[in-house]
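Reviewing the structure listed below.
Going in written order, the chains are labelled A, B, C and D, and every chain counts its residues from 1.
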């Protein structure tokens, strides 16, 4: 693994916020969503708190209140602003957070350029991986923010052509029973919960060689998938009744068609694209409907590690594998 | 009563928003608070909906979505955006609401300037009084928004000198028993619930000739006012226990002193200023502590109508009168 | 007013519980309902706490825990069991509460029979009026308890014939404007909030000379009374939507008919009986639908005091008067 | 495995209810608790629904409403009474449920005694194991019911001597890495989720050879176990703050000692008895405090299957194992 580049990772965060107004960056559309402004401040606070304050000479915190506002859940570094109230913070402004980012970036680059500055590489790498996680969250969160505007604005303009995704029919890959190793192998960066590498036994199973598509999900809905209790875990059934779910999040019935709010705006679903924004309960019910089951984490990691390119690991956020139980021979097969 | 001037009322709303950023104007800090941006859009929608659309020739709605977003609770003009979700609207932007205001203002002025335009005076006057109500709400609401920022920003800078309020000691004004008239007398503008004018009988009572001050409230707190159940209505007592109230809203203990968050920022309470931001339960408990009682609406209207200047009707938002029961002669006296 | 008789009032409470099993007397079907057993213990605790403990020589509390369990909201006599948890008390048993009642009754009668025992008449009378209030509550509460059993048991068997109520058509009684006296006149027993007697001015109004019937309420429902927002206060409309109310409490649609769960069991509504178990919001909407309005408390007291026998003051629990506004002459008429 | 005996299992349920009054058997002290009466009706309904109605000639349901009241969550056999409202059912009475049990028992015994009656053995065995599960639940639930009575009644009288449990010091049993089989081996009765038997790989680990004691838990509390966030999962920490937990459920501070409400009443904790009524969060924090970790389900099953007698599998309800991570060699050890 090569090192992430400080400038380019930080610049990418700013790039992601370009389509967003100050208003967009400030609100919190539900407790689990953080404002864009908060993501930008928090990732910056990380460098200030764990790199600059302990290691940069004569460095003073740019604003003392930021330690309170931009701490997420690091109990060890003091009190923090309640998560569900992040959307109440109108001050500092977006412009002040911009300035905060620029000042911290300059100080980090100065520290790294000093003789021996490379001894901070590990903490810098951690901070950049942390920032990349928040880039994912930022997009997921702003998706929710924009989707709550009745005008259904797009985050970016949808390309004139469709995604061009073409789903081939699923085939099943067999994985033999055996003892496998999973977990981080010790080379390059990993978050702590990815270690230690350890052995796990797998019975033989089969797993689908591509993701479930929106078109397949339409078939599930059309086959009354959301109205048949026998397909659902008891808690899942209670959830979809209680929450009145009848389709994936962001899907809306539009005449005879299913449309979906994406970051590209509101449009008809693409039948060949992987389905996204479904809960575990929905994935589980879909798998049962498919005469399959969900893979375990171990099965998934073993299968994905050796997966062919078209398994498309960049889309794991959207992934819900399906798996299959062949009842005739009483063995577990995995989609 | 003279007519309100369209330009000056509308301009005053814009003037009130000058100290506020786009971020400040967008969020909703609790369900009962409306964003500044919403107040500005809603008061404009009022003129568009009730004046321009029915009466201006060839006028088309500037944005169809505004009918949904900026309707408050006028059931008769269609569906509306849920009140508790006003803070989720980042689009239209503050700038777009500005433009909306300017366009509607131009159309209203054009309509009023036409021959016979004065036949719309009544609806314009209603819209302007409606807007003045929202100016009050806007300040009340932005007070709450700013108070939720840990940095406790001021809405405007506090004058270098204190308010200069000097509270004289309370004296008691006697009002004789008799049949009084209350309600709107039919001259000039009034909201519908202020009519009809009607007669009401009052027993003789006494009412204080000035408002309760912050200093008096400090004495109430110091005398364990918030810890003695015998001073409170049963529901009030349950409320202060449940909500952990021990002082008026926005008051905070700062060392040995009571400080308060106002629109002017965070500072020591002014003992001679009228107390504000208290609930009915607190006012009632304070009155009982003072060996008095709260006046009825009728008593208040009768007393206020003939009140001397220093009763200060401009501060009615802050008003909680106290009233007194003299137990010796078993008669009701009113503060 | 003559004195209530201690033995007969106490015996009547026991008589009311005869149709009820230990199970029926123990549960709490919602927070506002108290178990039958609790009503019986609480009314007994009242005599023990306010009469026997302070005044009977060498009297010791029968069970110290009863002071905690059977206090309702008398802050001055110590801590109490939370109201919403009254249904968690399986011990003491119903039989133990029976024994508690008998023991306290014996001690009270002994105290009253002593020379000078009549100096406790006031506190005894208060306790008996208090017990009569709880007799009403006991019936209201057990109604709710039994109605939650899917088998819809009757509290007592319904007489074979119907109530025989025959509603005459409503006529309107005029009450002239003037200064009236309301409140307790000082003779005989009254609860504290019924005093002091005081004067109130009334404009002339009309009030219906009988209660609204179930049959009239059926017409209100059939005329879409629960589906027309213009008939409802804004908060009432929100309430019926939120709670999905479409008829009075305990009414259920049974084929083409309205049936109702009463203490007599489940049966067709009696069209000529007064309607019961409606909220203020429903009464207000019904009055508006009738081109009338609800009377004020003062109007009601003045009208009721001189009411003819068929106004049937024994049914006030079921009373929802309607009142009428005749718009032609802009005067208030009261049904 | 030998067959459970129908008469003795059914009789044991009745035996368990002997100390309980009708009041005790009726209420529901929280949504997860079922009334004793309901457990007794539900286990009886099971035999009626799955054995008698489909298989006994000319058998008619004893009461049609029981199908609704006593169904737990068998979606396939129709609508059911909401779980959280089981405590609202005062009718049928405890006596009627007794009669229901006797009638169903007689019919079951008659059916089993018929020629070929042994073809129902499987369903009878399932029903008896089901009833044994509910015997456990019945005790757990009545514990909660009685604990909510301020008088803290005992379910049964505590023996005059203490339990006599003496905890030896923990020693650690090593389990070697390897491929193990877990799950039901197909002989005798098992519930469906105990199958199929399958292989699992375990790294070597150590596991404590006895349960954690109340005395050890006292040390955990005394060492601020409930006040140190570093010992807790983030969600666990939020839970104990939110719920104000500072000791296991049913423990109460009594002067300088910890007392506990058990089925035997309220008394001082027995330091050598296994601790009970703790949540997963608490077990996890305790394990971390012990420099250990909780075992996985697989580790537990492998260890328990070959456990020495003093591991005391009859107390698994009370079991929270602890496990240990030896940090020096970076390997996982299991207590």
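Keep in mind that, in the parts below, a residue touches a chain if its C-beta (ideal position, glycine included) is under 8 Å from a C-beta of that chain, and two chains touch if they have at least 3 such contacts.
The structure displayed is predicted, hence computed values, not measured ones.
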Next item on the list: Tell me which chains count as touching both chain C and chain D.
Entry: none
Check: Between chain B and chain D, what is the separation of their C-alpha centroids in Å?
Finding: 58
Next item on the list: Let me have the rounded angstrom distance from the C-alpha centre of chain B over to the C-alpha centre of chain C, please.
Entry: 38
Checklist line | Numbers and ranges of chain A residues touching at least 2 other chains | finding: none
Check: So how do the chains connect up here, line, ring, star, complete, or something else (other)?
Finding: ring
Note to self: Quick check: in the complex, which residue numbers of chain C touch chain D?
What the structure shows: 21-27, 29, 37, 65, 68-69, 81, 85, 87-94, 145-146, 148-151, 153
Check: In the complex formed with chain C, which residues of chain B make contact?
Finding: 73, 75, 179, 196, 198-201, 203, 229-230, 234, 330
